[in-house]
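Below you'll find a set of structures to go through.
One chain, chain A, links the two complexes that follow: it is found with chain B in the first and with chain C in the second.
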Partner chain A sequence: MANQSSLTVPSTEQDDAVVLCPNGRVDGTNVTILQGAVRERLEAGQTRLVFDMVDLNYISSAGLRVLLMAARDLQAQGGKAVFCNLSEQIRQVFEITGFDKILAVHGNREDALATL
Partner chain B sequence: MMYYRCMGGRETQKGQGIDVLLRPELNMALTALADVVEEFAAQEALSGALPINLNLVLDELITNSVSYALTDAAEPVLRLRLWRDGDMVVAQVEDNGAAFDPFKEAPKPDIEQGLDERPIGGLGVFLVMQLSETAHYERDGDTNRIILQMRMES
Partner chain C sequence: MSTPAKILVVDDEEDLELLMRQRFRRQVRRGEYELHFARNGREALDVLAEMPEIRLVLSDINMPVMDGLTLLSQLEEIEANISAVVVSAYGDMANIRTAMNRGAFDFVTKPIDFNDLQVTVEKTLRHIQVLEDALASRDRLVALRQELVVASQVQTSVLPAALPVTEHFDVQAEMIPAREIGGDFYDFFSVDEYRMGLVIADVSDKGIPAALFTMVSRALLKAAARNHESPSACLYEVNQLVSQDNDACMFVTLFYAVLDLRDGRLRYCNGGHNPPRLICQGEVQEVPSSDDIALGIFMEHEFHDNELVLGVGDALFLYTDGITEACNASEEEFGEGRLDELLARRADADIPDLIAEVVGAVEEFAGGVAQFDDMTCLALRMNSNKPA
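Our next item is the complex of A and B:
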């Protein structure tokens, strides 16, 4: 049986911001990995985060909740979370849930970084 | 009935549908779910966004079953059936847990609210309702049953 729920969150620092690039699928079984990656940056005082979703091909409501809380926590600390390179599935769930209106979504990483 | 195991390249026949038990533990259930949906999608030649949306709505319902309804069940049973009815895909999720109607229990998110006001809960069930043509809950004896339909793309 394939491990369908694998998720890694590689990150890079670029233009004074941190780019998190979640890779795989995020659901209720592995959402703490994404949560941990965000918390690590917050605790290090890094509050300008880009979520580059280019390698993320599936997200459930468990993952959406973490993204919402991350955006909220960053804003509370005077920072910002921006999102880019959404797959078709992720774009659709962002639209259905209205996340596209409350989160900063951009087409590509350069545009996302430029708004931070 | 057997627990679902991905056979890999198993010859399945169009129209016969899938009726399986999933292990009532989140990781195993969701991993098996992805395999079941992949197999069903191949069987019925589902195209476009339907397979991933079907995976998503069933992920949300199974997560609810395992996380809420089945937590106190002595011998938890989680059953998934998928079949095709005309241009609809029909999915049925059953568990033998405490009565739990997700459509009634979940708060309905106001998608017009801003970042700070948005409640954290209720998103999963909202996605199920938005992505399904019909979705309803029934309690049948000791069984929670959710039946939903999703339209196949023409």
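Our next item is the complex of A and C:
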């Protein structure tokens, strides 16, 4: 099996929302780290999540699936997940797959927080 | 432990049997231990042959017929997972060392301190349990791996084994999964006498869940292709079906095209997949498509058909992102630039050679860095139109 790519998911609280800032690469080898970080927040009852992608270099389809799941789960609970600071490459992945039409994507963190 | 631990005591002293039964009567009554006895090594082997479920042997060293050290050597030869505890005179370090070197798990000294013996037996039984659990896990793992191998064969067998050979086109595909079973697939089939369907797809995530989703998507698309002429109508139908009750949020990016061999007309719909390449007179360009989305993420999406004409000599190259996102040791991606450059440089190559060169170039670029995504590519060149 492939070696695990490096990924950390530091988070901060800002304006009554939780900002998750995945750092590194998300792919099939480490997607459970991202999934765990999201689940932890959902289980703690937090319903407003910002995914700030400023430190994310790469995301595979396995990672996109986790983001979609987070958005769906939050929506079902009356909450919301928003996304910001996509690098050119990640924006391209969002555009090709159509995720930019399904997920709430914003320019920077302030814009994202303002929509919550 | 639910069944009693079967313990074989090997000693030529007759009173020991009585003493053991006396000292361990509580454990025997509670169904924790079951004691068996033998007078020497030879008898012990006979008992073990009859009761292969015995895992713990307590053995004296000095005995007639076959001594304890010889018994230990014999135990090593029969392939039972038996742990032995030797009982030896206090100070008989030479024999104790020999016994340990022959695989004994522990020892107790004579005269027997039954409290110490009790502790030693408990400890050895725990060790045996750990060993048995590990062996059971290993067996389960072996069985699981075997199932994966079979799953991998099933998955490979549903891909078109030999792509059709006709004078009108050449076609070749390659799929290299990152694990035993993959989340990519391609397909190539006749829609009718004049038209061929071609598909490339990539399911979110890898492994067994992805593989199941792969099989479903592939079958649904093939079924839809029989009902609808329009690729977008096919994708709409598949999307409806895979989006229902999709709690796991699985999705698939899928490019489906129908090629009319009479005039090279290619009708296609791109469901969120990397744009394929059109290789036309040495030039490489992206196959343009409407803004459609991956299947499984939004049920209400309306898909769109696009169209282009594949001239005689033109080629199509379809791929999954495992090709362009393959990384080398410095986490640099192979990228679309290198792919397009290679396709342009080898624009006139035979289709099987082109596929082999792309795969070869990606592997050389990765330079042994483990592949984390499935890699799939399919290429087709139009050689002539089929008379109507």
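Keep this in mind: the second predicted complex is superposed on the first by the 112 of 116 C-alpha atoms of A that agree within 3 Å, B and C clash if a C-alpha of one lies under 4 Å from a C-alpha of the other, contacts with A are read in each partner's own complex, and residues count from 1 in each chain.
Throughout what follows, a residue touches a chain if its C-beta (ideal position, glycine included) is under 8 Å from a C-beta of that chain, and two chains touch if they have at least 3 such contacts.
Everything numeric in this text was worked out from a predicted model, so none of it was measured.
*Asks:* Kindly say whether there is room for both chain B and chain C on chain A in the superposition, answering fit or clash.
*Replies:* Clash.
*Asks:* Look at A:V31 in the shared chain and tell me whether it touches chain B only, chain C only, both, or neither; answer first, second, both or neither.
*Replies:* In the superposed model, A:V31 contacts chain C only, not chain B.
*Asks:* After lining up the shared chain so the two structures overlap, which partner does A:N108 touch, if you call chain B first and chain C second: first, second, both or neither?
*Replies:* It touches nothing on chain B or chain C.
*Asks:* Which partner does A:Q77 contact after superposing on A: first (chain B), second (chain C), both, neither?
*Replies:* Neither partner.
*Asks:* Just checking: does A:S60 make contact with chain B only, chain C only, both, or neither of them? Give me first, second, both or neither.
*Replies:* Touch partners of A:S60: chain B and chain C.
*Asks:* Quick check for you: in the superposed arrangement, does A:T8 touch first (chain B), second (chain C), both or neither?
*Replies:* neither
*Asks:* Under the stated touch criterion, which partner chain does A:E88 make contact with: chain B (first), chain C (second), both, or neither?
*Replies:* Only chain B is touched by A:E88; chain C is not.
*Asks:* If we overlay the two complexes on their shared chain A, which of chain B and chain C does A:L68 touch? Say first, second, both or neither.
*Replies:* In the superposition, A:L68 contacts both chain B and chain C.
*Asks:* Would you indicate which of the stretches 117-125, 243-251, 261-269 or 279-287 belonging to chain C has clashing C-alpha atoms with chain B?
*Replies:* 243-251
*Asks:* Where on chain A do chain B and chain C both make contact?
*Replies:* Residues 1-3, 5, 25, 27-29, 58, 60-62, 64-65, 68-69, 72, 96-98, 101-102 of chain A touch both chain B and chain C.
*Asks:* If you look only at chain C, which of its residues touch chain A in the complex?
*Replies:* 178-179, 183, 202-207, 248-251, 253, 272-275, 291-294, 297-298, 301, 321, 325, 331, 370-373
*Asks:* For the complex, which residues does chain B have touching chain A?
*Replies:* That would be residues 5-6, 26-27, 30-32, 34-35, 49, 52-53, 55-56, 59-60, 63, 67, 109, 111-116, 118, 120-121, 123-124, 126-127, 130-131 of chain B.
*Asks:* What part of chain A is in contact with chain C in the complex they form?
*Replies:* Against chain C, chain A makes touches at 1-3, 5, 25, 27-29, 31, 57-58, 60-62, 64-65, 68-69, 72, 96-99, 101-102.
*Asks:* Flag every residue of chain A that touches chain B in the complex, lowest number first.
*Replies:* 1-5, 25, 27-29, 58, 60-62, 64-65, 68-69, 71-72, 75, 88-89, 92-93, 96-98, 101-103
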